[in-house]
Amino acid sequence: MKIQTGGQYIESLRKIRPKIYYKGKRIEDVTRHPATAPHVRAAAMTYALVNDAEHRDLATATSHLTGHSISRFTHVHQNVEDLIKKIKLLRVLGQKTGTCFQRCVGFDGINAVYSVAFETDRQYGTHHLDRFKDWLNYIQEENLMVVGAMTDPKGDRSKPPADQKDPDQYVRIVQRRPDGIVVRGAKLHMTGAVNSHEILVMPTTAMDKRSQDYAVAFAIPVDAPGITMIFGRQANDSRKDNRERMDVGNPSFGAVGGEAVIVFEDVFIPRERVFMDGQFDFTGTLVYRFAAHHRANYGACKTGLMDILIGAVTYLAQVQGTLKVAHTRDKITEMIHLCETLYGCSIACSAEGQPTPSGAYMVNTMLANVCKQNVTRFHFEVARLALDIAGGFIATLPSQFDLESKEIGHLIRKYFSGVEGIPTEHRIKIARLIEAMTGGTALVESMHGAGSPQAQRIMILREGDLEKKMKLAKVLLGIYS
Amino acid sequence: MKIQTGGQYIESLRKIRPKIYYKGKRIEDVTRHPATAPHVRAAAMTYALVNDAEHRDLATATSHLTGHSISRFTHVHQNVEDLIKKIKLLRVLGQKTGTCFQRCVGFDGINAVYSVAFETDRQYGTHHLDRFKDWLNYIQEENLMVVGAMTDPKGDRSKPPADQKDPDQYVRIVQRRPDGIVVRGAKLHMTGAVNSHEILVMPTTAMDKRSQDYAVAFAIPVDAPGITMIFGRQANDSRKDNRERMDVGNPSFGAVGGEAVIVFEDVFIPRERVFMDGQFDFTGTLVYRFAAHHRANYGACKTGLMDILIGAVTYLAQVQGTLKVAHTRDKITEMIHLCETLYGCSIACSAEGQPTPSGAYMVNTMLANVCKQNVTRFHFEVARLALDIAGGFIATLPSQFDLESKEIGHLIRKYFSGVEGIPTEHRIKIARLIEAMTGGTALVESMHGAGSPQAQRIMILREGDLEKKMKLAKVLLGIYS
Amino acid sequence: MKIQTGGQYIESLRKIRPKIYYKGKRIEDVTRHPATAPHVRAAAMTYALVNDAEHRDLATATSHLTGHSISRFTHVHQNVEDLIKKIKLLRVLGQKTGTCFQRCVGFDGINAVYSVAFETDRQYGTHHLDRFKDWLNYIQEENLMVVGAMTDPKGDRSKPPADQKDPDQYVRIVQRRPDGIVVRGAKLHMTGAVNSHEILVMPTTAMDKRSQDYAVAFAIPVDAPGITMIFGRQANDSRKDNRERMDVGNPSFGAVGGEAVIVFEDVFIPRERVFMDGQFDFTGTLVYRFAAHHRANYGACKTGLMDILIGAVTYLAQVQGTLKVAHTRDKITEMIHLCETLYGCSIACSAEGQPTPSGAYMVNTMLANVCKQNVTRFHFEVARLALDIAGGFIATLPSQFDLESKEIGHLIRKYFSGVEGIPTEHRIKIARLIEAMTGGTALVESMHGAGSPQAQRIMILREGDLEKKMKLAKVLLGIYS
Amino acid sequence: MKIQTGGQYIESLRKIRPKIYYKGKRIEDVTRHPATAPHVRAAAMTYALVNDAEHRDLATATSHLTGHSISRFTHVHQNVEDLIKKIKLLRVLGQKTGTCFQRCVGFDGINAVYSVAFETDRQYGTHHLDRFKDWLNYIQEENLMVVGAMTDPKGDRSKPPADQKDPDQYVRIVQRRPDGIVVRGAKLHMTGAVNSHEILVMPTTAMDKRSQDYAVAFAIPVDAPGITMIFGRQANDSRKDNRERMDVGNPSFGAVGGEAVIVFEDVFIPRERVFMDGQFDFTGTLVYRFAAHHRANYGACKTGLMDILIGAVTYLAQVQGTLKVAHTRDKITEMIHLCETLYGCSIACSAEGQPTPSGAYMVNTMLANVCKQNVTRFHFEVARLALDIAGGFIATLPSQFDLESKEIGHLIRKYFSGVEGIPTEHRIKIARLIEAMTGGTALVESMHGAGSPQAQRIMILREGDLEKKMKLAKVLLGIYS
């Protein structure tokens, strides 16, 4: 691990110059720009945790390629224990940042491409896995951050890639050269993209023969020529831009993953960085493996966030004198219950993991889909309960400028006080944190990240084995036809 | 009606100078300040609708005091038809503004204070009703906007008013003079306060004998000496402050009611403006009447908003090519179902309305509480469904500055397009509207406005008549003990 | 009203001899057979209520045909007040019987056929309405009970009537004669059929030209030649058959409507009893009118049942010493809340009723569908909460034979006692009532009666006016294309 | 394992003569009495599975006492793998019986008493563990079925054991003798009691010093002098009693566990069978260990049942021609989703298991409580969805006697047919199975078995570590007080 601390990670980002736009202007230094710096700090926590004795075992792993100690985020899962440690690692990081720390998306991409490269090689005699191992070794040794890039714009969603009016609505190979390929298109909602070192591109859906040029996977540095990123806006992003430390809610870390659009305008990819090129019959498997790994995460990192949110409303109830009220306690109980149900699903899909032909371990896909499906419901309910307990002032609280005002600051202090002995500032800070963790962007990400709710339902039905279940019922009834 | 148009209403606000702060600075003109102007425009719609032939019947009423045609928002309900027309009026205004138009809070305050003044007079020989009629006549003739002010800060919620360390945590009479009273305290979450003409203050909860000085109701102009308002911040308020017309979502109208704190620093209230002074045994009734009227509204105005939200996601699904997908249609069906359930509750509590001793009509209180309780659940679910249909880009969409940028605007246009023939701008506008209508402030207001969820549950149990229900069961079983 | 009391109704049933089977044997006298008598008693309550001074206003109406005072169950609604009175009548009857009293199905059939007969006459110059009025006058004067018969067997549900392998899967005209028609087929789930005097048959779904012979409506006495009924079995029906008065739960009245199959084996219908004959383009309207009226009822009668169930669990909690526990009270609150939400929907769809061209009033169809849709969810939840409060002994309680046993009766009495002073028998009776009201048949009926859940969703979407809603959103955004 | 087959198990029951009453009469032979035989057959499956090569690994374990191969149901968990195998074993048995096979309650009792006996010995120098091992060795070698007996009648639930008017409302020691103790009281809802060999009694709740005589655990044969059992009645039990094989739904196996009351009328327990005697400070631990193990099971056996139920409705939808309809498929998806969420919780609490001081493994108690809490909700919802898909005829279907009738059997056959080629009998059988699996008793047991919903909520809150969560929130905000 060349990059060994959060500080070194931040330094490393200052050495590269990806082309990033935000609110119409270019960001020169993501580590210092107020819109991106909080996200950089969250990702830096994935580096910092390695140095935390309590969590080092979760934060690191032993490379199956080299035997070296590496960041777990660059590891290929070798057994069930690896899968479970990942879950525990993500929950801890959620508890320490209160937000997305972004690095699991590349982690899951690595695991998905690795296992599929093995299978395309076996089927077609390609050499994807060797190339991929070379690249992965580089990532592990340098300890780089990788953004896994899957979601295409899709244009008219009633049509497949090959039938779009604009053929670039899915990333595609526009030219094949002896030394590599040239790609065009875009990837949306790219978590951690602006503060990653490398992009790992994967197809977004199962392709058919007509869409062969869309069956492409590769890795490329974020500052390669032809790449442009556009950083998305978030709820209340200007509070962050203006460094309103109290009103932003989470003072140090960003909201969700700092998602960006990545545009590829005829970007050249060297051959040794290409891990799929036309093997359309493996696109479905690749998408599904990535999705399953990623869906498993949501009962981990989000429960870390919920731990904070539960703590925040508990403390707020204490400040407001309502913690002993029966309905408050019941709602806190429900928040814990929902949170732990999600965590249970993540643990379960890991505990039931199985090896792929490559040896890399996969989570149980049914349970991973079930996990994410529950997240799309429970996170909203947990947020709703938090807001119920917190009270209406989450929607009407004056700004920190009013609190700091000479003319009216004392009025805020007086009329937003709670029980004796706790400063009004604490109540306001905790309220802003709750506001930030329950508002728009945070919940939308929970719903659509790692696939929209319907994507999970399709897989749940597909894996439900209705034939077997019908047979169980028939056997019980003595029906044998 | 002296003020007959939206324009005249706006003009009228320019003539008064309430002391209002926002983000640490004073607002000089609420009609032009970008933070408040959208809320002024929403309230102006309540004036403008009078001139709309289609809705004039809903928007006006005949004063039972004078027989004059008045704004319905200043009317005392005379029958069930009035109650139902109010519901229909609010839904129409919700459909036209997509937000809170604020004026029902004073409307409900008028109806609550009117009926209680009659009863305190009858019980104690006071002259509250005559004073109130004089004031109401003035409001009706001038067609003024009134903010009903109820919610006190409450400090330590485990203690009643008289036991607070700071006695000002509930508005109270600090001095009684022959010509009036002097009051101190604050009211929080005051919808429409900064663009109202008058404040109608009511107690926030049932008081006992020890809290006699807190049993006070009165009316006072917003710019009376000693009154200070602090305008609360909202989700994404800086988009509004910066006049980012596209990203703000709802380009013309504000988000919810533009709530403010109103502080009373020893404000003198002339005797003829005092409608309750120490009659603590009527505080419970007053609070409950106001609350019931107000809770009935939420199945009206919010369903107007939901109509827009349903329309927005339907259009977005059309743009994205997903409108014919079964699960999209099912989710839209569910949104309509929940919306109409709320509307049904509002209609029902009105249809079951009954006269109070004063002749003023009250909604059925059980059904009004049930209505609001459902709002605290269904609005979140409707929002969740909208976000499910809309997709993840609600959380990651670049800003309008990127769309307008020379360097990258074409990329946004290309990669956020939908089906052929509809400009990308439309898709973005509709996405921003959905973002605004489903984010933090909008939902928190739905939950806590007109009383937090638990406030309704207490009333539902209290009015559930368990004795009668037990008897029904026992009779069926022949148990007569 | 010739039949003026419950007793006279029962007498009247003894004079007719419909062909009824139950558990493989013929029932000779429905008023005395233990399987049917409880249902007869429930229906008798609709007659008895006329003599109850408190409810006479609800239970009777003035015939618009004759001006005579008639049972409301034979009335054609003339205004909104009629619609609301119907709702209140049904709730009272639910509270008095704790079950289905069956008579609203004919009531709704009368109202649906009446208004459609007017419209087919207007369109095609037929004389259905005059015939119908003659028949209705007879029903009103005699005060007969009518079973509205709609649901056909449907065979393979993926195919319309005309494509079924067995053409009899929907009731159809097999012969047209000058003096009448001959019909064949069956109607399933016929509530109150075995103790009605007359059957009013309607088509089950919208038909097209190919299904013209299925577009048929008529009335016929229950004992007409060729008619056979088969009485369905219910949860725990043998407790009723064996007259186990305590264990049956509801000792006097049946569970739901005592549903039966009615088979028509080439039954002749005289011309004057035919109210639709081939007007397939009106079948959709007829079905929809009946369905809407019927769906409106479910927030009325079922809330009457829920009143009893809430009373039962409240009493049981009292007996068990758990009534003051916070979670018990909260669950009771929730039961009331759900119950009143349903009631609100029934009131609302009635309050928003409108006249049809015939003058007969229709409920608001959107709100009626919303009402029933909620019933399909909330009745289960109310039952679940009741069972939660009641405790596990609902599933394990020994039989009344054990209680009555000399050898072990004292053990039951000792170990199933509750707080001091209340006999164990009371606890057991109330437990059995809860068991009966929350078990299988009761809930299935709530779900599928008046149309399965999906039937309501189809109508909710159809009536949702998405075009208008999209326009509201676009206007707000200034999108005019 | 002396008893090696289901047949031997049944034989073994014929050799003992416990005193059992049902419907007021004594049952002489539980293996032949129609009320109990189906439950005997379900329990026999736990013996039979040992001989099934596919599942032998799940069905057996290696005794840590003797190294012998034993039935897993008599095993003390030695590691996480044991805990997970238990879950998988229970799901398989659920899939094979469609009901409760009863044997896990003794299994969990064994594990709970074992670990607590170790701890009481360590604390007080008692010799409970040695005695317990002797008894357990006997159970393992003979392969006996044990009923774990915990739930006391409780009388007035607002009062603890020592304050009850009748001191016998909780099982208690009425006499201490040198050679043993004499106990009095009763245990309710005893799953599998009537067809077990031994009873393992445990206290029902945490006791204090005043309730020392209630702090008792022991084992005793079911036919010991002074023991009387009363078999509870269930939904539709007379169909079973009358051997109506089709209408009973599940033709071979019982509904839930065939619960019984066990009364102890001054029963003598030899000293070597006493495993707790007055160590009141360990009652809470014992109850909680048993409860946690037992709660873990519900996401296993119940998901086996749900597999059958999902299969049943899928097949029924196929028969009715509705399987391809979008909403049917969506509801089946939801059923699978809920089912797998429960399974995930069971797997998770096992995967996160930890050793107790005795070496016996415990499940993760938070996740076990979460598992059961979800069961109390999801089983009802799964049942509701099944009934939605199945249709209204579940509540109205004529009896099998009608189907078998010469006079009307052909009408049933004709009018209850579905798609071509599948006999009507199949449709009826599957409908009856769905009726049985979704009706009263089945769901009540899911709710209250292993502790009522509130019992889990209390533990979830207690284990939620709110202090830690508050600290996480404060650290994020830089609040250090």
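Some points to look at:
Going by the order they are written in, the chains are A, B, C and D; count residues from 1 in each one.
Everything below uses one rule, namely that a residue touches a chain if its C-beta (ideal position, glycine included) is under 8 Å from a C-beta of that chain, and two chains touch if they have at least 3 such contacts.
If you're wondering where the values come from, they're calculated on a predicted model, not measured in any experiment.
Chain pairs B-D and A-D differ in how many C-beta pairs are in contact, and the one with more is A-D. Greatest centre-to-centre distance from chain D is found for B, with centres as Cα means.
Separating the CA-averaged centres of chain A and chain D is a span of 40 Å.
Taking each chain's centre as the average of its CA atoms, chain B and chain D sit 52 Å apart. If you average the CA atoms of chain A and of chain B, the two centres end up 38 Å from each other. Of all residues in chain A, those that touch two or more other chains are 327, 330, 457. Considering their complex, residues 21-25, 151, 153, 155-159, 165-166, 168-169, 186, 188-189, 228, 230-236, 238-239, 242, 247, 256, 259-261, 263, 320-322, 324, 327, 376-377, 380, 384, 387-388, 391-399, 401-402, 404-405, 407-408, 411-412, 414-420, 435, 438-441, 443-445, 447-449, 452-454, 457 of chain C touch chain D.
Across the interface of their complex, chain D is touched by residues 84, 95-98, 250-253, 307-312, 314-315, 318, 329-330, 332-333, 336-337, 340-341, 343-352, 366-367, 370-371, 373-374, 422, 426, 429-430, 433, 457, 460-461, 464, 466, 468-474, 476-479, 481 of chain A. Within the complex formed with chain B, the residues of chain D that make contact are 326-327, 330.
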